[in-house]
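These are the structures in question, set out in turn.
In what comes next, chain A is part of two complexes: it sits with chain B in the first one and with chain C in the second one.
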Partner chain A sequence: MPKAASSSADRIWAIFAKDARSEYRTRFAVNALFLFALVTLTALSFATGGAGLTPLLASVFFWVIVFFSALSSLAQTFVKEVETKTATFLRLTAPDDAVFFGKWGFNLLLLLLLEAVLTPLFIVMLNMPVANWTVWIATLILGALGLVSTTTLIGALIAVAGVRGALFSVLSFPVLLPLLVVLIRTTEVAFGGGLEVGLRDGFLVLGTYAVVATTAGWMLFPFVWRE
Partner chain B sequence: MVGEQPHTSFALQIEGLSKSFGKRVICRGADLRLATSESLAVVGPNGSGKSTLVKIIAGLMRPDAGAITHSFDSTEVERAVWHRHIGLVSPELALYEELSGSENLDFGNRVGGWGKSAADYTAVLDEVGLGGRGHDLVSTYSSGMKQRLKYAAAFLKDPALLILDEPTANLDEDGVARVWSSLARRTLALIIATNEPSEAERAQSRFVVGR
Partner chain C sequence: MGIVRIAAVVLITIVIIAAFTIAPPLAAMGTSGAASRIFFFHVPMAQVSFLSFVVAAVYAIVYLRTRKTDHDLFSSVSAELGLVFSIVAMITGSIWAKQAWGAYWNWDPRQLFLFVLVLFYGAFFALRQAIVQADARRRLSAVYLIFGGAISPLLFFVLPRMYQSLHEDANQVVVATQGKFNMSGPVATVFITSIAGFLCLYVWLLKLGVAAARMQEEQG
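== the complex of A and B ==
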């Protein structure tokens, strides 16, 4: 029989590190992610002209930017593997769960980086200070977990599909819509608006969504990746 | 030399395999058996489906009908883990251009749990004629060097079943000689998909696709 393997954590780390190193050298996903976010934010800033936004409108703008930035880049981790034919090497080398969680981790890093860069820019350019940083940070982390869990699986699905185009957006939007609705509500509270009454339930929904989406993604991934 | 430990117990068995794309038949009710130290040439003209058959055997594609089993000591291996014992050199497989040759081997070793060392990377790169070029990015390699690196990765993995699709594509005379020499030293089950008669003649048996 073939040799015993290194641990799952080692393998996941190897895929994460490979993607990070590749990204550092090519800027393949980062350019798409940050440029889209910055261009959209700049356009919004000019459009609103510094006029006072309501917390609800600001939170809608924030998650629209994050959502479409994510759509423009997170699928690339799989699309690039398929287009460059390295997916075959990966399929014949790595266990499915290592591929899923390695890519999941890399996408999470990208999205958290985007949120970290976007936050100060958003506050300054749209003149919308954060009123409750605890709620803000919790929302960003749970939002990133939910977005990444869903988009990683759908990214793999569209990468192996013959026709990509707008497929990623079409498949992601209905699945992510409930997440976005809750994120917008908790973000509104972070900006000093909305009602704090439902905040605990909101976070519960976000946490549950992230766990369910990650588990479902992990279980479905082998069928998407191998079949 | 890296990867010369014999896999004496591996067997590939195919029963009633059928695959077609519309009216184009790749194979119909095919039966095959291949064990360690045996070799098989998959032959047929361009577009006949050699690469498709190779993908099916490697578990990268499902057949329409039939059963494929990979086993060690008569114990069947689950399809989900076939990747552990298969090496593939094919135009359908590429290594990472933005990594160096050594980084590609290191990635395969870590993620595949091959249990090899940096000294093994050097040895296998020397074996395929890429000695001294391991730290260069693959994007700077010629097509022949990339083909050699695919062999390096396949040899480093030490597979029980090695599948070669167009085995000498892009290789110069030295590359071809190194590949056949390296293969002759290894004890494994070998499948060669080719339309070159000289390559097919190296295998002990043949399977013709497209009929």
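== the complex of A and C ==
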């Protein structure tokens, strides 16, 4: 049924567009995400005081900034629905798949924007030029995919549970740790350090993580969303 | 149930005695061979902590299908036991690491795995305690457990290999070569007895924990 397939894509797009429009009006998540990243970056840049960073340290800094910025605001898409009491309406009007992938897409957009803004800032403020752009961009995209699939499910879980704040990071971190470890390794290569030998394995792990986390998140989402 | 309890007590008593008398010290493990004796306790504990994670995740899946309180109790009690066993395994592991590698903590892939397991269990119980409503607590914590279970193979099987290919400094080579030893004769016998003993201990504690949790449930 081609019509059903296209309407399912339409529904995902509708959720995505609704979130994007609402975010454009309030700019709540964007502000939290970007200012948090900027503040952390400034603190790091100031504290290291232009000392020469090794590629490993720079990639650790980069992903710590991205992870904690993401954990500070990516639950917002679901928390907002609960706080403004629109969650029930969303449950009634939209199928679970559309809600999950709509929110997933919106979070992915936010995170890719953050990475795109953070890259030049990082190069300028920490004086760390990117040596291998292909590896760098592939790492950013795969990292965002893995991060988003995990935080979308756990964000929904947090919102439905009615517990906010610190618990989001507490729940996300153990699940995200394998991703973080591998991302730091591949980013090190992008900054011109590390060993290129394990790069293929690294990307394989990142890709597998994104696929597994997205599939598991999508399959488990109805159990979170429906009471 | 009585058999499991008696078997656990008898087997572990035998292992405690045998580990210090029958099993010969393994010179390859650590500076003095005597340090290797901790393996008869540490490895089964680590295995049980992993087993309880699997059991907890399987019961979480069953719970989401059946929605029976009992399945949730099995899942959460197994996770509780997993937390205890993984903490004890982490402590015994780092005592051995101090002897063999010179430091309590080396970020060896196996140490990392146990550490993440402890963090995950901690997060799981933080979530359970934060949700007041019983139905939501069971449903959401089951989802979290299954999600963690889906990710864990990456951590368990893939990451150690990644580490060895990307991080081949002296310490890691020591870790890679000293972590393996060929078991034979009395060592293997004691080792297998110990695994059986700790398995019985786990089953006994699981049944006991579920019975206690059921009583709490009935009292409200």
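Going forward, the second predicted complex is superposed on the first by the 221 of 227 C-alpha atoms of A that agree within 3 Å, B and C clash if a C-alpha of one lies under 4 Å from a C-alpha of the other, contacts with A are read in each partner's own complex, and residues count from 1 in each chain.
As a convention for this text, a contact is a pair of C-beta atoms (placed from the backbone, for glycine too) under 8 Å apart; a residue touches a chain by one contact, two chains touch by 3 or more.
Everything quoted here is computed from the prediction, not taken from an experiment.
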item	value
First (chain B), second (chain C), both or neither touched by A:167	second
Which of chain B and chain C A:103 touches, first, second, both or neither	neither
Interface residues of chain A shared between complexes with chain B and chain C	227
Chain C residues touching chain A - in the complex, by the definition given at the top	64, 112, 116, 119-120, 122-123, 126-127, 130-131, 135-136, 139-140, 142-144, 146-148, 150-151, 154-155, 158-159, 161-162, 165-166, 168
In the complex with chain B, residue positions of chain A that touch it	1-6, 10-11, 14-15, 18, 21-22, 25-26, 84-86, 88-96, 98, 222, 226-227
Chain A-touching residues of chain B, taken from the complex the two chains share	58-60, 62, 72-73, 80-81, 83-88, 90, 92-99, 103, 107-108, 110-115, 153, 157-158, 160
Residues on chain A engaged by chain C in the complex (per definition of touch)	150, 153-154, 157, 160-163, 167, 170-171, 173-175, 177-178, 181-182, 185, 194-195, 197-198, 201-202, 205, 208-209, 212-213, 215-217, 220, 223-224, 227
